[in-house]
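Shown below is the structure under consideration.
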Amino acid sequence: MSMQPLHQGSLAATTGGAGAAGSCASWKASVVAELAEVVSHEAVNGEYRHLVVRCSAEAAAAEPGQFFQLLCPQPVGEQPFLRRPMSLYGADPDKHQVEFLYKVTGAGTRGLDTLRVGDRLDIMGPLGTGFVLDPSWRSIVAVGRGAGLATLAPLAKTAKANGTRVTAVFSARRPDLLVSVDLFHSHGADVIAVTDSESTSGPANVERILRRLIADGACDAFFTCGSSRLMRVQQRLAQEFGLPGQVAMEQQMACGIGLCYCCVRDFNVNGEIVHRRVCWDGPVFDLMEALP
Amino acid sequence: MNPVMNAVAHAAPDVDLSVSIGGLKLRNPVMPASGTFAEGLEKVMDFNRLGAFVTKTITRELRAGNPLPRVVERPGSLINAIGIPSKGVRYFVEQTMPHYAAYDTPLVVSISAPTAEGFASLAAELSIPGIAAIEANISCPNIEEDGKAFAMRAESTEKVTRQLREATKLPLWVKLTPNTGDVPEVARAAEAAGADAVVVANTILSMAIDLKTFKPCLGNIMGGLSGPAIKPIVLRQVFQCAKAVKIPVIGCGGISTAEDAVEYMLAGASAVQVGTATFLQPAAMTTIIDGLRSFCLHREIPRITDLIRGVVIEEADEPDLAWLDPVS
Amino acid sequence: MNPVMNAVAHAAPDVDLSVSIGGLKLRNPVMPASGTFAEGLEKVMDFNRLGAFVTKTITRELRAGNPLPRVVERPGSLINAIGIPSKGVRYFVEQTMPHYAAYDTPLVVSISAPTAEGFASLAAELSIPGIAAIEANISCPNIEEDGKAFAMRAESTEKVTRQLREATKLPLWVKLTPNTGDVPEVARAAEAAGADAVVVANTILSMAIDLKTFKPCLGNIMGGLSGPAIKPIVLRQVFQCAKAVKIPVIGCGGISTAEDAVEYMLAGASAVQVGTATFLQPAAMTTIIDGLRSFCLHREIPRITDLIRGVVIEEADEPDLAWLDPVS
Amino acid sequence: MSMQPLHQGSLAATTGGAGAAGSCASWKASVVAELAEVVSHEAVNGEYRHLVVRCSAEAAAAEPGQFFQLLCPQPVGEQPFLRRPMSLYGADPDKHQVEFLYKVTGAGTRGLDTLRVGDRLDIMGPLGTGFVLDPSWRSIVAVGRGAGLATLAPLAKTAKANGTRVTAVFSARRPDLLVSVDLFHSHGADVIAVTDSESTSGPANVERILRRLIADGACDAFFTCGSSRLMRVQQRLAQEFGLPGQVAMEQQMACGIGLCYCCVRDFNVNGEIVHRRVCWDGPVFDLMEALP
């Protein structure tokens, strides 16, 4: 691996400038597509991979809840065409790095899985609107399942910086599939794990856990991602206790930047059902407006 | 030699990238394809560099768009059945237009309606300051003629174009469908009825089936194919249309690189629209603009217009009947 | 349990891969596409494994074919303008046919002619033992109707098919062009005039320009697109045709894998033809046959015919007008 | 690199057999498409690469003048679609190896250039009809230019085995671009090099050289590839002296096995101009029938 810093001009930044007739000199890209360099890439378990890339300052300025669109390499015999959305799992503005935690699912993520340290990956971001952490909240609860844990992960760090306490309720099929528990612990968060194999992940049990956290004054707001069943539990409780909440939604994407309207979902805004683009109006939405 | 002369002599020769589309002068021939462009791209590129803005197709009434899933990928291509989710014309004028007013780039509004009259009244309503041209997306079902898209037939194209022409003095671009058997004939009908340009073309009707569920991959069952895979087909249609009409042809289909744009201009396009490529490389349009300049510099072509219809056909090669289906 | 029963119980269940195309029974639904098959493949695969042989299109007279270059590649696709080099019908009967007589696989002869009468007389001449079916490649220019390919229009398709039907008692397959605006209507015309099956489809008219020379990449200027890139388009046409006609539809366009073949059968194809894929993987056809068997075994589908028209369309999804150009 | 022999069943061989209803048990593939393993891959000079792959017995049985269709890997940003024809440069039936010598030209060969030892390359062959070496010839002359030298190279070995003397007249732009001279020398052949940079490669000089060889009794037959100018010189001399000759032709190919008719060339057969498929009727043709 090269020891020099990677001055990989983003495509956008490169083309925005020189030789542009009628170009506005003051314009600057805030979303870039660039060739980032793979710094580390490791299997977390049989399904999940942790990928760290070196990137531009713009990309490394990504915030929790935002996401990137990755142009995945082609695995043998498959040709993913579209970019794939991946939540920010971690960002280091000083090191110019961003991290992803992804599950190997189909052609695109199988392509990602072929990346080796030193390879280049075309990343585009940061995209979408992230989580909003009100500094007045003393404690929040993050409820996630599956890849949703990756999306919630960077909250732990930001919350810690804000002095906000985090309790994470993590759901998975089996204990060995729980990811980013250590990351949460390292930021001083409490983690409550529930799993299908231990029969602890049912909505009733999660509701019981959440009610206790509310009762203990450990929940000024809900943050959730990755399970509509668990989202519904939180919606009920948020309603009952008048708590705010935010949910990060998923939807298939083409452009990732609000152009194509392929990623719309229904939202309930004051009783009216409206379409919103997950990539542009979200991916983080008000918990009470989200529909499963 | 005086210092000014000297500076001029040493400056890199510049290329004139400007083109004129039916009276509308564009700083360069590169613009987005309808439905693949919105304010979000402002975060990626300087909007003052584009040849024009082309909006997502709007309709008079509110529309929800198609059921999900709305896209499915295939090798080198995308199939979409977004439909035309539209917040209606008032929303467009009041909320969307002001956004583009900040830029020195002509705004082309894509419109659609189920009847010729609907097209005309929408065009009339949109003939207002701030709109530089109307692009009529006539690849939509014509409810007066058993639901076939207007652009499937020369007659319905002529009818809707004529009514549009009477309704607006703005430059009128008519966007054709590649799904008909005789695109040049349809282009001729649009020209005859007063169109200032034709856009060739919309997406190619396609389908994909999910082998797990045996269900169509798209909520709408069928959708439109776009991206690199369709380039050779649409390029052929642009070539045929440029031979058939005198008005400018705007090429659109699978353009991802400056080379693709050059190929389209050689085939007869006066300008190009970039759609799906933006989904893969959000700065595709500005990269293409830079690439066109480099191409011309490199080949010592002073004006980009010199490329238009520049394909070299040797007389002896000109085939006759075998054209229609050379494999036959 | 007696030993025989035991053996049966333990044997892997087999899949019935046979299909019947207008009276002609094939051992499996996989055969070559015309123009992409010849004796050479015998070195690669056991010809007794194919569903059928389909010859390169032959004509009555000698033909030289198109000028070179005859092919150009594009991402995921090939454009060809081979034309129909033909040594004539006598050469075919005397020199080519005997070659296939050694195999237990039905021989389908693809024919072409510039007039309906020419088609009919060629079909009559070829209605001889050793030929199992006629495939009429009507994507060739009809010199009686200003050079448009027969298959571009329902009327000319009906006319040529009717004369063919009168000329031969052999199963008659009519191969359609994807370049027309209403393929199902043309398929209906072929059915009405007595075709036993339609083959959907030939190549899609395309073009490519060489950016060094500014000349067309093909000697014939335009050519036909084939390969994976066209699959979504032709799959849609197969789906539409299978809804429009009762006779079997044979799918052809971009099939490279067993999954592609399954997708076509679900869309409505009763059999499939494999063309360009053979150029990349010469054993593509036998690989596909093996893959079809595995697919059926895996999904517990006893007969391959169970796949035909198997796409699951939920009533509520059935779109109406928006179909023709869902992007519009 | 693995030390085990590579038992890479060819696709054809694999699919020809098992489970085939109505299959003819005695049928066997003589042309195979298979994943061969790169054994060595080296730059010969700035333009040419020497590639050695381990393959099946069928492929390693290739003869001089035959060729393979290589399915080239995709270089960055390019997508070669068709296979690329490459002459056999060497075959070792014992080691199960074939060799290619190729010039980096366009997308396909740039893709080949990315291959590393241990990678797999999909090769299809052997294809076409090769050179015929009449054992009664005591000496032959091989005249080649450019990539044509690669095609002529395996002749040297076969001729040696037959006890036939070979004189090679090799033409190139510059001396450093002459390839396979050592290979010819190693098989006891004489090599006469002519180059553009030394102004020795003109047809007049080559004709002078060839006339001398004929006069010396060193030319019972001509073998040529890679230059139509030099081919015409040999056709004239062959006519004048009643010598036989063979020429290996090139043409763009799609299928490589006689199916598509994209590779036709004109030939003069007894005064009549006929089309022949280079891949199937050739690539080696009678010298007197070839047209430039």
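Each chain gets a letter, A, B, C and D, in the order it is written, and its residues are counted from 1.
The definition used in the following text is that contacts are C-beta pairs under 8 Å (C-beta built on N, C-alpha and C of every residue); 3 or more make two chains touch, one makes a residue touch a chain.
Nothing here was measured: the structure is a model prediction, and the numbers come from that model.
Q: In whole angstrom, how far does the Cα centroid of subunit C sit from the Cα centroid of subunit D?
A: Chain centroid spacing, subunit C to subunit D, equals 35 Å.
Q: Find the geometric centre of each of subunit B and subunit D from their Cα atoms only, then give the gap between the two centres in Å, rounded to an integer.
A: Here the centre of subunit D sits 48 Å away from the centre of subunit B.
Q: Any chance you could list the residues of subunit A touching two or more other chains?
A: Within subunit A, no residue touches at least two other chains.
Q: Please list all residues of subunit C that touch 2 or more other chains.
A: Answer for subunit C, listing residues that touch two or more other chains: 35, 74-77, 80, 82.
Q: Pick one for the touching-chains graph, please: line, ring, star, complete, other.
A: line
Q: Can you name every chain pair that touches?
A: So the chains that touch one another pair up as A-B, B-C, C-D.
Q: Tell me, which parts of subunit A touch subunit B in their complex?
A: 11-12, 14-16, 19-24, 27, 29-33, 71, 79-83, 124, 251-252, 254-262, 264, 275, 280
Q: For a test of understanding, state which residues of subunit C touch subunit B in their complex under the given definition.
A: The contact residues of subunit C facing subunit B are 35, 57, 66-67, 74-77, 79-84, 112, 114, 137, 139-141, 143, 147-149, 151-152, 177, 179-182, 202-209, 211, 213-216, 218-225, 228-233, 235-236, 239, 259, 262-263, 266-267, 310-314, 317-328.
Q: Flag every residue of subunit C that touches subunit D in the complex, lowest number first.
A: Against subunit D, the touching part of subunit C is residues 17, 27-28, 35-41, 43-46, 48-49, 56, 64-65, 68-71, 73-78, 80, 82, 85, 104, 227, 278-283, 286-287, 289-290, 293.
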